[in-house]
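Just so it is clear, A, B, C and D label the chains in written order, and each chain counts residues from 1 on its own.
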């Protein structure tokens, strides 16, 4: 469950990344966040896991009151989420395997379980052969798939993905979409910011359209553009 | 922290050390050079201090023998002196030799008094085990027959005393300054390596690692850096001190001065270097990270 | 003019980023490079400006023999090219303005000219207001547009763009496409690796399709997928 | 490089310094502490060396006056002595005072000779301008009437000589060691800051910057870091040396020893610190970059 009440994020210099956002996303929903470049999609997403703090308003994610969360609680909030960052954020000195494993190690999983799960998930995104490569040794699309693998590795209750197919060709994007819809059908909430209009139009889900920090459309089963 | 996690942190810290390549090399090199400086300077300063102590705590009693004492009586006196509690050994210096010392140190005009004009006395130089024994030895000796006078408290020139105590004071000041500098430089170097990894730290936080989970591998990395950085200084100090000790001790044999003996001194200084390296490395890492981990994101 | 003759790039571990590529791109052409994730599109592009060196074969770009170029010549080769990197590669400690200006300063342009040109180009990509921001203070799409602005700032003879619209919404992508086609019509060669099938299908140009390091299609006015 | 580009590099280097924030602070702090150590230790060591020189190059000639010389004749002698080339000043020490010196330094038994038994001479202590003048002054003085003897070459104990020359030798070794350490630590710190910016350097190359265009701002940044890092050490050394000089000079007034005079010494040491800071900062930066710029991409 994700709930925003009148959330404002002021970056200073008159830039409102979020301008009185009020929205509720229930457990198990699949939500696209669309809008032009610089509209505030990433800001909306970053507010959920507290990469940026809200200037005012209230944010609730599962049982956390994110707008007044303590420094100590933040890691535990994030462990309930799987996050695909727009810029991937892979650890440069860890191999692909280790990058994915890291997200499982922080929650103190047993090494055997970690290894099994990582191999399983890397196979799913088609990167088994790149397990021992470092992030700077693989292609942009491969990096993006590693970021996705890491986010879904520990079967989060909520998956937050910022532009997860920006560096992927249509076929691979379709693959990824299949994976996301599968985990969604298992009960995981999916929030996905995207520019991929084909995807939004072909796989219909709830669409939140943001422009200049405001939600200007909230349409169940809508297309990429309002018609 | 579970045993599993701790083991993971250990391997992780060593792996990071290896993967950081040049950064690690540069950090270890900085620690090495800093500790080498500390090791060499402290060895010198502590020995200067030791020698200054030796000079000031001269364990020597000078027993002046009456002029008319026969050679046999002198021998008897020596035996009696040797029996006093706390006496270590006794050496003899004739009045002629004593005058030569004066001439050597104070000028040729004293030559006038050579031969029978020599105003000085034959002297037994009695070394005691402890400085405090000198008082008792001197008092006892003074009561014996054929003893003209017994003096304790160093025979060296006062000038020397002043210089020595000056050196000692400066030595202590410089040692303390040096230790501060070493602590600062090592922790600062570790800080530089961590500053350049801010980005990694923030990613770790973003994927759900707690502060302590993030911190430990860095702390261990700091400790390794300190440990590896202390190896070369320890080896250099150990070998070169052993060698210096042999060379210098030879020329100090005839004096009451001595260098610190290697087998105790080196253990201490090795420990000090390792502790500074490892301790400050780990502490420096732990503290440097505070700032990045406190950020609320 | 770009010419590849039997170019092989072996990354080791049996990964051939380029597998006997032979192709010629004439001055003034507009070429799409398409293919699945990890096919070798970026490798093809990186070979042109010697971010990666060829294992064998010959590469000519304008008057440079890239496959045997000296360390000293590399910067001068790159000054004849405008490059949009897949991962943007903005200098993190420079503002947006300074990032774009840097590419002009290295060729020792006069400060007045630099300022005029940077403002002009930032306006063109719609980032005038972000001129004084730092790269980590702007959105992903905005960063991508800065990378494009920097690449075209000194009016290069050849523009090489690796996935320049991956983080842009369809409208902004369209804008960027318009800019690229304009500079192409002024005589600039454009080589663009892309996953954007709509773009390739709507703005028809020569298409090079790469798969597993090989060119499997070279079609003037082709679509994103072979039909 | 055009004037325009150079100006650009200057502003760029200062801007980078500012934007690197904590990295810059840590680097400047490391340079500050290193140079502070160098400044303090070198001040001490160079002064110890100076004093050792003063002791060894004693510019004192002791002119012993015949016993039967009248007070008037002594005055005349003094005037004649003052006229010898190279003489700086003359002081008088009576035989009684001379004996006291001996008693103070060499033991109470010499008390026996006080009063008319005193075997010593009244002495004129003639200071010369230069150590080498002492020979000529002594030879000339010896020919004068009422002069029993003229001695040159230091009145201090030989023991002191040995200690002093030992201190001096160690001082030189330590100074050289210290300078090496400083050079290494400063260039290593600069290297650490550059290592963390590899990524930026490779981006600069990718957008067409030549190696020298990339290198200059980093070299200037290294130089600034060194310059800013040398300011505090220079100020501290200047002020504290000025103060120490006053305190210590007072107690050295009666001797032939003196500290290095601040207005020449401090200029030298300030320059040294600034040169090490700026020079090694710039050089360290330039050399550290070599590796990244040589890569063929």
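Throughout what follows, a residue touches a chain if its C-beta (ideal position, glycine included) is under 8 Å from a C-beta of that chain, and two chains touch if they have at least 3 such contacts.
Everything numeric here is computed off the predicted structure, so don't read it as measured data.
Chemist: Both chain A and chain C are touched by which chains?
Modeler: none
Chemist: Give me the two chains with the most inter-chain contact pairs.
Modeler: B-D
Chemist: As a quick test, compute the distance in whole Å between the mean CA positions of chain B and chain C.
Modeler: For chain B versus chain C, the centre distance works out to 65 Å.
Chemist: CA centre of chain C versus CA centre of chain D: separation in Å?
Modeler: Inter-chain centre distance comes to 61 Å.
Chemist: Residues touching two or more other chains, restricted to chain A: which are they?
Modeler: In chain A, no residue touches two or more other chains.
Chemist: Chain B: which residues touch two or more other chains?
Modeler: none
Chemist: By the document's touch definition, which label belongs to this structure's chain graph: line, ring, star, complete, or other?
Modeler: ring
Chemist: Go ahead and list every pair of chains that touch.
Modeler: A-B, A-C, B-D, C-D
Chemist: Which residues, counting only chain C, touch chain D once they are in their complex?
Modeler: 49-53, 71-72, 74-76, 78-79, 83, 85, 89-93, 102-103, 105-108, 110-111, 150
Chemist: Can you name the residues of chain B that touch chain D in the complex?
Modeler: Interface residues on chain B, with respect to chain D: 22-23, 26-27, 29-30, 33-34, 36-37, 40-41, 44, 62, 64, 102, 104-110, 112-113, 119-121, 149, 151, 155-160, 163, 167, 170, 174, 177-178, 181, 184-185, 188-189, 191-193, 195-196.
Chemist: Taking the touch rule as given, give the residues of chain D at its contact with chain C in the complex, in rising order.
Modeler: Residue positions touching the partner: 2, 4-5, 8, 16, 19-20, 200, 203-211, 213, 294, 296-297.
Chemist: What residues of chain C sit close enough to touch chain A in their complex?
Modeler: 11, 34-38, 42, 86-87, 137-142, 144-145, 162-163, 166-173, 195, 197-198, 224
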